[in-house]
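The letters A, B and C name the chains in turn, as written, and every chain counts its residues from 1.
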Amino acid sequence: MNAQMLSLNQLKQIALHREAFIYYIFFFVLFFFAIVLHDTAFLTFSNFMNIVKQTAPLTIMAVGLTFALAVGHIDLSIGSVVALSALVGALLLQHTGIPLAVLGALLVGVTVGLINGLLIERLQVSSLLITLGTMGIITGIARQLTNLESVPIINQDFTFLFGSGKVLGMPILLLWTLVIGGCAYIILKKLAAGRHLLAVGGNPVAARAMGIKVTRIRLYALIASSTAAALAGLLYAGRLHGARYTLGEADLLTVIAAVAIGGTSLFGGRACIVGAILGTWLMGIINNGLILSGFSTNEQMIARGVILVIAVAIGVKEIRNG
Amino acid sequence: MVRSSLDQVALELSSIKKSFGGVHALQDVTFTINKGEVVGLLGDNGAGKSTLVKCISGVYAPDSGEIKVNGKAVVIRSPEDARAAGIETVFQDLAMIPEFNIVQNLFLNREIKHKNPILRWLGWLDTKAMTKRARKALNRLNTRIPSYNEQIHNLSGGQRQAIAIARAVNWGADIVIMDEPTAALGVEQSAQVNDLIKVISSQGVAVLLISHNMQHVVETCDRAVVLYQGSSVADVAVAEVTKEDLVGLITGAKKIAA
Amino acid sequence: MTLSRNLQSCNNYNFISKSITFAFTLLVTSFAAPLLAVDFNSITNADKSENIKLSQQQVDSLKSKKLTAALVWHGSSAWVNAVSQGAKETFSRFGIKVVAVTDAQFDPAKQVADLENISVLNPDIILSLSVDSTSTKNSYRNAISNGAKLVLLSNPIEGFIHHQDYVGIVTDDMFGMGKAAAQLTMEALKQSGKLGIIYHDAKYFITNNRDHAFRQALKSAPNIEIIIEKGFVKESETSNIAAAMVLQNPEIEAIYVSWDSAAEGVIEALRSLDRPDIKVITHDLGVNNLLDMATNRNLYGTIADRPYDIGATMAKLGAAAILGQRAAPVTIVPFDKVTKTNITSAWQQAFKKPLPKLLTQALQQ
């Protein structure tokens, strides 16, 4: 009896948790479309695989951004890193093999993260301003790099690995999402590193007083964020058989919205990887569902906004009522 | 209850000096704390109390002077040095992460890692072990806590103070420094903290207590050291003086040879 | 499809100016990889949209099939809306249901996703304009793997084989449009005078061809002298270019500029220089410039394509393909020479919608 009470209590606590918010929204929207679109292919396995594949680069970006947000930084440069890394990867593929191309592309991410982090710490300027600046610089470099031309990729191993491949019947893009998401989940929830990350975001003064190397941790978080974006760039390049300077440009706001809906605080200290992934999938589902519903594109835009607002309202209400 | 000078000295400060540009925040601070003793550090605003605490806890390096812990001279250049020397500080703002629960805060940056060597290398946390030790540590201080999963920002000020003190003691500190631990607390919670201080000193921990509250000092401290314009001007057994005496020393109206 | 429509639409929908230049540069690059466009020969040999007709019997047979169609566009604008409108109304006459409309926002990644999304609906007909032939190719292939008939607008897709992979391409007669613009210029100058040209100085198939055809056709009017030519990359540059051009050559009598929203800058410059005597000739229909034309100011005439007919033609080709009919590789849709006298009918022709009130009022004054 007592044990039962306890578990009930625990259940309630879980249900009331801020992070639970995304589950309400996610399943509400899913349910909504499942009913409205019951006579279409919405509720089919292949449709969901489509959504997962489409949102794979976004989920990876969202996971990375969660790290930056966890320490209390915003990283606006991720969209531009996607483009630059994809271009660098595609260009390198014309001269070398996959390992060097991938390394070069990821190095773009590491470097940008490092520069972002060092500038923020040295100049003591908000991450918003610094990454807004680097976003512009990187976008410019990406445009300059190939003079706005797109770079095709013909290496089939690459497009398999980062795009169209399947492993044990599972789309490789889903695998990427699960592996990166899983690693991030473990780091944030199970490892000391994640604890320190959140401590730095929650109260940097206290974290410093307890001997945590705040500056270094913030640097790592920004590197994680832009390196994830670089990986997202490779996934885009693999999926599209080529790179172009516009990749990722439109994704920044979607990713920020997805991460925020997923329960990660935009001001540091609270992070939820599962929420970030469900958040991006939610965006994908809404997009997909609206297209399948046959709305015109203007109507789709309106409906997307309405659904988001309703979903958020319902999620908030559920949490309040417990 | 004044302990004799035969007691073992836990912390010995001699001629600590620290200035910021032209401001001589600490001119000459000399006093000792014995094991199991609670020493109140008194002084007017700007007397140098906070600066002294920061010198001992490694936030500032003193310009000159010597710090001995358990008879051995130590060099403290960082909070880690202080901790390594056995000095823990309960900061005024408590240095807690509001979103973290009790266990997470207690073990911040001293997490217990998994026993498996590979997982340990990765920094995998052993949450069970930490919860167990947290329970023990808080029991030792007779502190009752609603739930170990409770986030810090849901706790009362007294409970938070208790957690902060438990965290300091939990690390086997020989010396615990507390900066205004009851400043933000009501009467009842202040009393709880006073009890806590007594509990830890009875376990042999030396406590340096910074306080403005005379009543608090009189109730909990064995001795009082008074800072006046950066110098230690008095070192008295609390039982032998009145509150008025202390106030006189703090304001500089009264003088006793230190 | 005309470039200017996309740009102009951005204005209409109040997108930030950045996205205008973004879309613009993107378009420029997406067609910059050339070789892959409809060429002069295929246009001269092209079928004409008025030849595409379905018999009542064919329509009845289509109606019995309960077919579906999806429209996979590159962007959204008033022009694209008119294409969609033409396609939808034509489809509905055949009992074909449009189950999805998508807008790639000029983003190939988005278009790939759009194609995947509509694929699960298994449409029988897909009408589309590809944003980027290379990166979207696979998704088109998947989308037609279940037998869907693909009708393309303007841009071919790399490696796709006519009849096997797609039904055909529907496009404007860009050579004819350039030539018609030259004829309007001759009319405006009464066969002789001094002309300035403000041309699109970027690798963009459609505008390049129109501008080229314009110059070629002008050769038949020896008394029209091109006294100055200046290129522009962004629409925002045309105002300064035109001002400089007129200051340097005050004797100038007419200016040709590549498309309507670029012409807005030219007309603005002429207004501030107080030169209502200089005639402007361009392509496409835009409300602002038509107002100028209606009030007898600078715009003499413009060449307008027919987006509604483009959509309707695409729909007919797709439907006919279902019945096994084979389309020509390229089908062209006619255009209209527009001057003050036929604004109303040309607008009607292009959009199958009444003229905006503002314009009607201006014309009545």
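Side notes on the structure shown:
By definition in this document, contacts are C-beta pairs under 8 Å (C-beta built on N, C-alpha and C of every residue); 3 or more make two chains touch, one makes a residue touch a chain.
Model, not experiment: these values are computed from the prediction.
Contacts between chains trace an open chain of neighbours here, each touching only the next in line.
Taking the mean of all protein C-alpha atoms as the reference point, the chain centroid lying nearest to it belongs to A. Rounded to whole angstrom units, the spacing between the C-alpha centres of chain B and chain C is 78.
Look at where the CA atoms of chain A average out and do the same for chain B: the two points lie 44 Å apart.
A separation of 37 Å divides the Cα centre of chain A from that of chain C. Of all residues in chain B, none touches 2 or more other chains.
Interface residues of chain B facing chain A in the complex, by the touch rule stated above, are 78-80, 83, 89, 91, 93-100, 104, 108-109, 111, 113, 122-125, 149.
Across the complex, chain B is touched by residues 13, 190-193, 195-196, 198-199, 202-203, 205-212, 269-270 of chain A. Residues of chain C touching chain A in their complex: 22, 25-26, 28-30, 32-33, 73, 76, 84, 98-103, 105-110, 112-114, 116-122, 132, 134-138. Interface residues of chain A, counted against chain C in their complex, comprise 40-42, 44, 46-47, 50, 53-54, 57, 148-150, 152, 164, 236, 239-242, 244, 246-247, 249-250, 287-288, 291-292, 294-298, 300.
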